[in-house]
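Pasting the structures here.
The same chain A turns up in both complexes below, where it pairs with chain B and then with chain C.
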Partner chain A sequence: MNQNFSTHTKTLKLASWLGWKMESNWADWWIFAVYSVVRPLASSMILVVMYWVIAKSGNAQASGSYNLTFMYLGNAFFMFVGNVLYGVAWTIHEDREHYQMLKYIFISPAKMYFYLFGRGTAKLFITVFAVIATIAFGMLVLKIPIDLSAVNYPMLVLVTGIGLLGIAALGVILAAVSMVTAHHSFYLTEGVAGLFFLVSGAIFPIEVLPGWLQKISLINPLTYWIELARRYITGEKMCQVLSSISNLELFFILTLSTLILVYLSVIIYRFFEHLAVQRGLIDRLTNF
Partner chain B sequence: MNHAIETLKLNRTFKIKKAKDKPAPSFITALEEVNLTINKGELFGLLGPNGAGKTTLIKILCTLLLPTSGTALVDGVDVVKNPALVRRRINMVSGGEHSGYGILNVRENLWMFSQFYGVPKKIAYERIDTLLKLFGLDEFAKTRIGKLSTGMRQKMNVIRGFVSDPEILFFDEPTLGLDVQIAREVRKYIANWVKNNSQKTVLLTTHYMAEADELCDRIAIIDHGKVIACDSPSNLKKLLRKETIVHIEINLTDENFEHFSQLPGVKKFALEHKHNIGRTELKFILENDSAISQVTQALSSNGSKIISLSKTDPSLEDVFVALVGRSLESEN
Partner chain C sequence: MKTDLKTNLKSIWARAYVRIVGANREPSWILSETVLPLLNTAAFVYVYKALRAPEEYIGFVILGGAMTAYWMNVLWSMASQFYWEKEMGNLELYLIAPISRMSILLGMAIGGIFYATLRAVVVFVFGSLIFRVNFFISGVVELFLIFILTMIALYGMGMFFASLFMLWGREAWHTSNLFQEPIYLLGGFFFPVKTLGYTVAMFASAIPISLGLDGMRQLCFKTGKTLGFLDVKIEILLLLGLSIFYIWISHYALLFMENLGKKQGRLTLKWQ
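Up next is the complex of A and B:
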């Protein structure tokens, strides 16, 4: 038991270290730092410009700081989804095809499940800085109304942590599917992240979605995560569909759904790992 | 006593995707009823042409692939039932590939793997430094892997195999693509490692006869997924002690030599075209010396120009020809 725990934590640490090396070692530190902040800021600005265009065209729904705050914060937090999902899921393709090391990690005592989590951790840390920089930019330049003294920091950190656990678990599920696919993992990750962008209330308010998409949004843990993060930052209930639910209830739903997601990720990972070993795909090179 | 490796009626088939014009998916048999017992402290070789099933067997023993049926035990542990326990006891190195995290330097890469295997940090650093020195890579310890030559990268991968000090080490064509000098160094270290550690075992696959002959205590010759012989190199060669082995080089030709195996006194016959030097090499296993003249006459009447003829002691290559009826080199 103790030996297993020690192996898992060591695997997590080593994989995080490896991920960090890969993420940060390709350029001088200052280029890396600028890249890590400028890139997400630029993508946020695309949305802000779109918002301004719609607001100036006189669309009442899009006007006012309330909607800009909703969209800006939702987008900032959604950076975690894209980056962590990609960081975890892409590991299989990268290690198997590019570095040809997946088989060596696989046959070592390291647990692949924790290895995948660890590889996503580096992306997570980089994204933390990007999210903070994006929010700071929003407050200082775009005048997004956030009262820093009113932010519930302990709950924000806790909720962010739970949400990230769920995203990483989702990444493991995608990584598991990638084990039995050739070059589709990129499209898979992009596709899933795109779907969540639509049904998590990050940019698009859930109430404007068709009924069946609203139902999907309401079983998506990310919906509760993003809404709770917004609430703990602004102190306001921002998603109309969830306005009747208290913070505590949202927190309970988020925690429960994340635990279910983590459990599912373990089951699904085991299934696809077994399938990959059965078919001999762990060291398959497709040259994609 | 637990054997290092034991396989019992091990089978592995691969399903080939159904072609449009075929009614059902077809299967390829990679391993068929493989029974092997490898003792602790042995340096055991699997010898066979490409596609013989060597890598499939190693992949099963390393828990990378499930067998279709049969049992495989590594250090007494079933690879299917308890792969995690197997992984604590083994390591593997494959040749002929360009693997490695290019962004890490040599020392970082080796350290990371030592930690995956739970080697205490102090021991890991000492072991890494010793191995880097032994393999002449100490100067490149802080060089990024992406900047290493293929040979150096392969040396580093061999060190990665030893860094966890496994009970059983699998080498899949470890010297493939290496230059002669580096291959010699790698072979020497593998041989010494087993010699100096009586409980350590190496299973090595190769299609280089000389490598198998030089290194291995015992060899299994594998072809089309079946083990067709298993013994020490000297005992395998003794299988041909009564026969006459003749190697003949002629000018490169596309002539059909199939009828040569029907000549009186010819037990087995194989040919290998050496396009790079413009010659064809014929290997004959003959019943006795008197058959040599039959062969040379047949060659003359065939219009072939004999460049050299040598009567040799049996080699593993000849054993392969005698057992399989074709040359291993020509297969590769």
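Up next is the complex of A and C:
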């Protein structure tokens, strides 16, 4: 038991270190720092320009709590989803087809499940930096009104941690699926992130979605995560559909759904790993 | 000795064939390349819906969302492809084969256009139907011309990047990554490029898809012309110029980088 724990901890630690090196040592630190913030800032600016275009034309009639702050914060937090999902899921393709090391990790004492979590951790650290830079840019340059003294920091950190655990579990599920698909798992990750982008209320309130998509949003843990993060930053209830639910209730829903997601990720990972081994897909190359 | 045309045509087809057949052998790509990208585009549509934007903006997003397929394809399956080929050990095989390197790039482009088009068509057709986009085509010939020229210029740009990235290690991968969202922003994929201001829009015009999208929006929507950046005829001429420029420069960039790679011994360097 203790030996297993020690092996898993070591796997997590080494995989995180490996992931960090792979992500960061291709450039000087300042190039890497610029690189880490340019993409997230550009993705935020797309939404800001969309908002400005409509606001300037005088056509914007957005009501309720939907405003630039809603959109900007939701998008900043959603960066974790895209990056951590990608960081975990892309590991399979990168290790199997690019570095051709996946088979060696499989035959080592390391458990792939923990190895995948570790590799995602590197992306997570880079994204934390990007999210902070994006929010700072929003406050300083775009004058997005956020009162830093009103932020509930302990709860924000706790909720972010729980949300990230859920996202990493989703990443493991995608990584598991990637084991049996070809090199376009990159597009799969991007597409799944697109699905969550649509049904998590990150950049628009879920009340504008058709009824059936709203129902999907309400079973999506990320909807609760993003709303809670917004609430702990602004102190306001921003999503009207969830306005009747208290912070504590949201926290309970988020925690429970994350635990279910982690459990599912273990089951799904085992299934696809077994399938990949049975079909001899652990060392195949499909990069055409 | 120059390789004859027939051999080069065969190599173009051979390189394209791998992509077309290879992709079809993996049915999972249908989901990841068609249904899922539509959802991402839908998210941007709902931003405009939440802002109660005028109807044509939804059409702008659908058109922009469809065109993202080509930009993604140029970045990941053209620009960074020689880097992948080097890592897999194929690049040296291309270099010793009795063919023009340009035919390999052309083959990659044709194969890439095949499956990028499928993704674009799904996003465009289903997006238009689901969100009931009203089109008002004001010039079919011009629209066709602008689309074809955008493709030639865009894939020419992809060939140029492929040559430049050939000697890079992970920088190639990260540079492609870096070019994704910033180009969505500069290219006006989800809003008219004119919004960025004249100077930025002029700068953005070096990316063929900015001009292409602007021209297509002007020709596809009733109010498109009022939100257009330049006159469509000027955009067609600029795209023609960009097509010639990118294909010409990619040819010389390829020769230059190949020679540089030989001198520095980096053509077969892997896992940097």
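In this section, the second predicted complex is superposed on the first by the 278 of 288 C-alpha atoms of A that agree within 3 Å, B and C clash if a C-alpha of one lies under 4 Å from a C-alpha of the other, contacts with A are read in each partner's own complex, and residues count from 1 in each chain.
By definition in this document, contacts are C-beta pairs under 8 Å (C-beta built on N, C-alpha and C of every residue); 3 or more make two chains touch, one makes a residue touch a chain.
In this text the structure is predicted, and so the values were computed from the model without any measurement.
Peer 1: Now for A:L18: first (chain B), second (chain C), both, or neither, which partner does it touch?
Peer 2: Touch status of A:L18: first partner only.
Peer 1: Could you tell me if A:I282 is touching chain B, chain C, both of them or neither one (first, second, both, neither)?
Peer 2: Once the two structures are laid over each other on A, A:I282 reaches chain B alone.
Peer 1: Tell me which touches more residues of chain A here: chain C or chain B.
Peer 2: Result: the larger residue contact count on chain A belongs to C.
Peer 1: Looking at A:W26 after the superposition, I want to know if it touches chain B, chain C, both of them or none. Which is it: first, second, both, neither?
Peer 2: both
Peer 1: Between chain B (first) and chain C (second), which, if any, makes contact with A:W52: first, second, both or neither?
Peer 2: After superposing on A, A:W52 lies in contact with chain C but is clear of chain B.
Peer 1: Tell me which partner A:L164 touches in the superposition: chain B (first), chain C (second), both or neither.
Peer 2: neither
Peer 1: Which partner chains sit in contact with A:K10 here, chain B, chain C, both or neither? Use first/second/both/neither.
Peer 2: first
Peer 1: Between chain B and chain C, whom does A:F106 touch in the aligned arrangement: first, second, both, or neither?
Peer 2: first
Peer 1: Mind sorting out which residues of chain A both chain B and chain C touch, each in its own complex?
Peer 2: The answer is residues 22, 26, 99 of chain A.
Peer 1: Which of the residues in chain A end up touching chain C in this complex?
Peer 2: Its residues touching chain C are 22, 26-27, 35, 38-40, 42-43, 45-47, 49-55, 57, 59-62, 66, 71, 98-99, 180-182, 184-188, 190-195, 197-198, 202-205, 208-209, 285-288.
Peer 1: Would you pull the chain B residues touching chain A in the complex into a rising list?
Peer 2: On the chain B side, the touching residues are 14, 56, 59, 62-66, 84, 87-88, 90-92, 94, 97-104, 108, 112-113, 115-118, 160, 164.
Peer 1: Over in the complex, which chain C residues touch chain A? Could you list them?
Peer 2: Residues 18-19, 22-23, 26, 28-29, 31-33, 35-37, 39-44, 46-54, 57, 72, 76, 84, 87-88, 169-171, 174, 177-178, 180-182, 184-185, 189-192, 195-196, 271-272.
Peer 1: Could you please specify the touching residues of chain A with respect to chain B in the complex?
Peer 2: Contact set of chain A toward chain B: 6-7, 10-11, 14, 17-18, 21-22, 25-26, 99-101, 103-110, 277-278, 280, 282-283.
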